[in-house]
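In the two complexes below, chain A is the common chain; its partner is chain B in one and chain C in the other.
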Partner chain A sequence: MAASEHIVGRGIGNKLILFTVVLVAVIWMLPIAWTLLLSFKPNSELMISTASAFRAPYTLKNYTDIFQSSGVFRWLWNSAVVSVGVTVGILVLSSLAGYGFARAEFKGRDIIFVLVLLGLAVPEQAVIIARHQMFSDLKMHNTYPAIILPGLSSAFGVFLMTQYFKAIPKDIDEAAMLDNASRFKIFWKVLLPLTIPAQATLGIFSFLGAWNDYLWPLISATKPEMFTITVGIASTQTNFAQSEGLGFLMAQAIFAGLPVFVVYLFFQKYIVRAVAGAAIS
Partner chain B sequence: MRKLTTALLAGLVVTAGASAALAADKTEISAARFFGACEADYGTVTDVTKANGECGIITALINKFNADSKTTVVKPEIVEWPGYDQLTARIRSGEPPTISVMHEAVISDYSSRGLLEPLDEDFAKAGVDVNDMTDAARQGVTKDGKIYAMPFDTHTWLWHINMNLFKQAGLVDSAGKPILPKSTDELMKQAQQFKDKTGKPYFISTLANETAFYTRTFDTLLYQQNADFFADPNKVNFSSPEAKNAAQLLADIFAKDYTTKNQDYAASVSSFAAGDGGVFICGTWLIDTYDQEAKKEGAALSKGYAATAFPQIYPGSPRVWADGHSWVLLKQDLSEAQRASAIEFMKFLWDNNYEWSRTGHLPVRKSIIDSDAFKNLPHRGDIASLAVNGTALPSAVKRQFSIQEIEGEEVGSAMRGDKPVDQALTDAETRVNELLANAK
Partner chain C sequence: MTDVTLSPGKAVAAVKRPTGASIGPRWSNALFVAPYLVFYVVLLVYPLFKGIWMSMLESDMFDNTSKFAGLANYHRLFNDKIFIGTVWNTVWFVVMTVPVFVAIGLLLALALNSSDRTAAALRAIFFGTSVLSVTIVTIIWKMMYMPGNGAIASIFKLFGLQPVAFITSSSLALVAIAICTIWWIIGLPMMLFLAALQQIPGELYEAAALDNASRWRSFWSITLPSIKRTLLVVVIYEIVAQFQLFGQAQLLTQGGPNNASRPIVQFIYEQGFRSWNLGYAAAASEILFLIMAVAALAQFFVSRKRVEE
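Moving on to the complex of A and B:
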């Protein structure tokens, strides 16, 4: 009797949790659904009232207009190059730095590690003028390296990889050393494969961050042929886009978010693990 | 058949080669602008009369110029409004565009640092009659006695009026014109009358998420009282009785519910079209939009829309806040041909200023203001006075965009009752003067 009551109670509890989760998910989805709905409406109708979103006519013109913009595929390509470049760079540098901080013994290691972590507390805006001047002096603006290089200094990446390497038992290194493996070989062949989950997490966050970045590309990539998709799409907005071109604006938001959505679709397993892992730690 | 095909192909190759050679002979200049991109609708349109809206008309103008000019190709570089962070970054990195759109309020920030080319001599050579510039336009592009830009338009604050609701409120005269207030007392009485008769607020206002309404309306009310709040261009004075009058009036309008509240720009634009209030104080650029609404059967504005200059409610002057778009030539290492091409394009825009005025912005040429073509555009006869009365801040005042932001924040606090009026004005004065003290 007591056991069945317990099961019934657990069933109600589970249903309540499920209901709450679904409710929160629906609330979470509403802005996206609203954005999607508005993106199929003519701008002129939305200017008078967004309530017209719930009735015909609907149109694909807002999306076809995006593709009519001569630079859009070039901007997509630029974003892809920058995002992949930043992601690969961060993975390489953060793994090497993380391994160094976790395994190597050298003078001032802890102080340097703290200095690296301080980077987490410095907002990009605080250094952006100095950074811009530096790249100006190097005459590098409007190039891929100029957009990619600042993104490689990832304090978060170094921290994450350091912690991950530290969590791997040193016995594994010592066993490999007994087999005469070099330090690089231990790093490359033994430890690095064990950090794949962390690499995936870091890679996803780095890719999404680089894809969505706006401020630095805005002032470094100032020629239309070097715009990333975020800067390029923003440039196509009319001055009063929120009233005169609301449907177009929403279509741009959906379009720019699509690649990110695809990344989430394919890598959601890792993202969930990453978030859960962060919560536990 | 094969011979015919060969001949056709050869012809195509020759034609393509000739076109390429012609294009190569032209001098290319870059023109940075906002106003958005609309290649889908206007990418190939060269008949400017067929274009509408800011984006459409500027795109068609550039298309037409490129088609007609034998010496110049303009490459548009479209940036997000207002684009000054990007422009400054480009100047710093040594890669500025040849010319750029610039608000007249911003010109002094760039001209005072030697970043713009003075254009007086170029205009004289090109045959641009600067005496044909309206007072507002000429004041807007002249800094320290030199002309630094080709004015493109003047945009000002005006009253968009729902005549259907005004009729219901008994605020239309026998000639069918809106009865407008001539004093602050009349304004408050009419607002109450409007509210009593229609159950709706007299004003629709953009009070949320931006500061433009507060600053532009407050400046207009100061101008109307002849308050010289920038007698010293390095120091603002908001301690005057006139400033207090203006801020208190806005606070009273808010407190007595004579305006809509918590609406951002998009919401207020829609709200007026939906008939939620009598007067929408906003810019010239909405005239055509609402005029189209007035032509629709069953719409709230159907056959009931008027636009009029900001009514004079203080005895001082009919002046009103104004700014303008203009085109500047960035200082850089330009060849004579590039400079000549830039001036050629500016002259083209000057010659076609009427087309741009179809956006709703006011023309910058007296001859166009006086022309039948302009007067025959909807409502333009009712607002032509704005080209004379439109007033910008003194050209020697630096950081005008930032000043307007601060002013709007503090006047907004006073209007909404977040701060006492005196406190808000003191804070505005202190913050602006701190900004100006550090402005180089």
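Moving on to the complex of A and C:
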């Protein structure tokens, strides 16, 4: 941090920079502020002019309408199940594999690790058609496992956890080994508790990623009752241009954004640390 | 922490006991990585190769069979004007967005690289939009771009200007998607640059300050050389990420008007899951993979050369 103070901390021009950035930040917030404002307006008024947003009447009807439309709560529930499933799955698999690649030697381990890292270079689109076919053959589409399982093949978590386990001083587990503990016990009792910060960051990333994932759930879940909130809200956007129900759409955007926004506010420190950590490794 | 005593006698006994962990290679150690590897092989490696195989099949819609067709799908793609159009749209989108992500991301990072509260709050604002889903982002921006009643049109009118029809204009639709995308995910490059800036030792700037170097000079001779690696990471990451443009285009413009903003992934999605030309879609996805790999590798080698010079 001290370094930066010298760039920003020099008297001349400082205020100007701050002023510019604050101005840009205000512009950055405008779309969300405008969305929020419109979400409290009756649709009939917005149809005439959105300028009516600056004056009363305001209403909560758009929000109560969301609660009455049957789909939304089901979609939220689906998103919760899918995101928790993906997050737990990634944490378990990545922790085990991370420990394995960092600590537990076996023949061919390093070659396998390189092969897994190559997986980071494969974009989802390159595998998505074959994946869809696989789940079709098993008649598994429109189920939670079909939406959850592909996310567990991502190599990112394994890479992150391997780096983290490697950074833990070896004396810690070697001491435990001499104490005659089994590999799994060392992993579970000694090392895993030390990785909690990494678990938190990987967990938040995985959760947000799964919650916001669009392409795979769009393809796999074709029945409305299996939509995630991301896909579900997209499905209601079709006749937007007529601007009938504009306020309702805005309320939907705010409502659907709230869960992730709360997660962001609570875990902001971890998220920032996660991005920074991933950047340095 | 478990309480371990390091008496040598006990250590010898431990290594000999079969229940305890032994140091050195052991096949049972592979059990730690095995669960992940199952997912990796079944859901990534296998579909990758199956996708390549599928791209060489011609499927028959009527009896649900497919036969080997060699490179026929690829040949058809190269003659498909809509596909070629999607390639150019995607490339143009990448060219438009990546430099902006790098420039604005770096500028924001430089301006907000400070430990005070204002900077922290501003960082939170710029990063905050990244946690929204593409669906929410496009609802917001559709409202912004709405002709007549939209926020941007209203601002134009306020200044007595003719409102610009962003998403219905074939020359501006992609620009509109690019603006919305930058607004959405500028936070990540900003954060990556911030992380890099904080690794620069403060003494470097102190020395520069003693030399009375200008802000501009110390940026060129200290900051930029120090964050070269992150710069490369951000550029490659953004190239790869922006080539995958899909949701914004599909939801904001539906690829229109007249295919003017249709990206490759939307083409793959529509061919694969709307028209069910799976082989054709698979071939398109392999081409996308190839273009992305070439673009990222080219960037890597070009920058590497520059770093070495």
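Rule of thumb we're sticking to: the second predicted complex is superposed on the first by the 229 of 281 C-alpha atoms of A that agree within 3 Å, B and C clash if a C-alpha of one lies under 4 Å from a C-alpha of the other, contacts with A are read in each partner's own complex, and residues count from 1 in each chain.
In this section, a residue touches a chain if its C-beta (ideal position, glycine included) is under 8 Å from a C-beta of that chain, and two chains touch if they have at least 3 such contacts.
From a predicted model like this one, the values you see are computed outputs, not experimental measurements.
With both structures placed on the common chain, the touch criterion links A:148 to neither chain B nor chain C.
Looking at the shared chain after the overlay, A:179 reaches chain C, while chain B stays out of its contact range.
By the touch criterion stated above, A:210 is placed in contact with neither chain B nor chain C. Of the two partner chains placed by the overlay, neither chain B nor chain C lies in contact with A:202. When the two complexes are overlaid on their common chain A, residue A:119 makes contact with chain C while staying clear of chain B. More residues of chain A lie in touch with C than with the remaining chain of the pair chain B and chain C.
When the shared chain is aligned, chain B comes close enough to touch A:223, but chain C does not. Using the contact criterion defined above for the overlaid structures, shared-chain residue A:31 touches chain C, although it does not reach chain B.
Contacts of A:69 after superposition: chain B is touched, whereas chain C is not reached.
Touch criterion not met for A:82: it reaches neither chain B nor chain C. Across the two superposed structures, the residue set of chain A contacted by chain B and also by chain C is 49-50, 132-133, 218-219, 231, 234, 237, 240-241, 243, 246. Chain contact summary for the complex, chain A toward chain C: residues 1-10, 13, 17-18, 20-22, 24-25, 28-32, 34-35, 38, 46, 49-51, 92-94, 96-97, 99-101, 104-107, 109, 112, 116, 119, 121-134, 149-150, 152-153, 155, 158, 172, 174-183, 185-187, 189-190, 208, 211-212, 214-215, 218-219, 229-231, 233-234, 237, 240-241, 243, 246, 249-250, 252-253, 256-257, 260-261, 263-264, 268, 271-272, 275-277, 279-280. Residues of chain A that touch chain B in their complex: 47-50, 61, 64-65, 68-70, 132-133, 135-136, 139, 141-142, 218-220, 222-224, 231, 234-246. The touching residues of chain B, when paired with chain A in their complex, are 34-41, 43, 53-55, 77-81, 85-86, 89-90, 92-95, 264-266, 269-270, 273-274, 285, 289, 293, 299.
Chain C meets chain A in the complex at residues 1-2, 4-6, 10-11, 13-15, 17, 19-33, 35-37, 39-40, 42-48, 50-51, 54, 108, 110-115, 118, 122-129, 131-136, 138-144, 146, 149-151, 154, 183, 188, 191-192, 194-202, 204-206, 208-209, 215, 218-219, 223, 230, 233, 240, 243-244, 246-247, 251, 265, 268-269, 272-273, 278, 281-282, 285-286, 288-289, 292-293.
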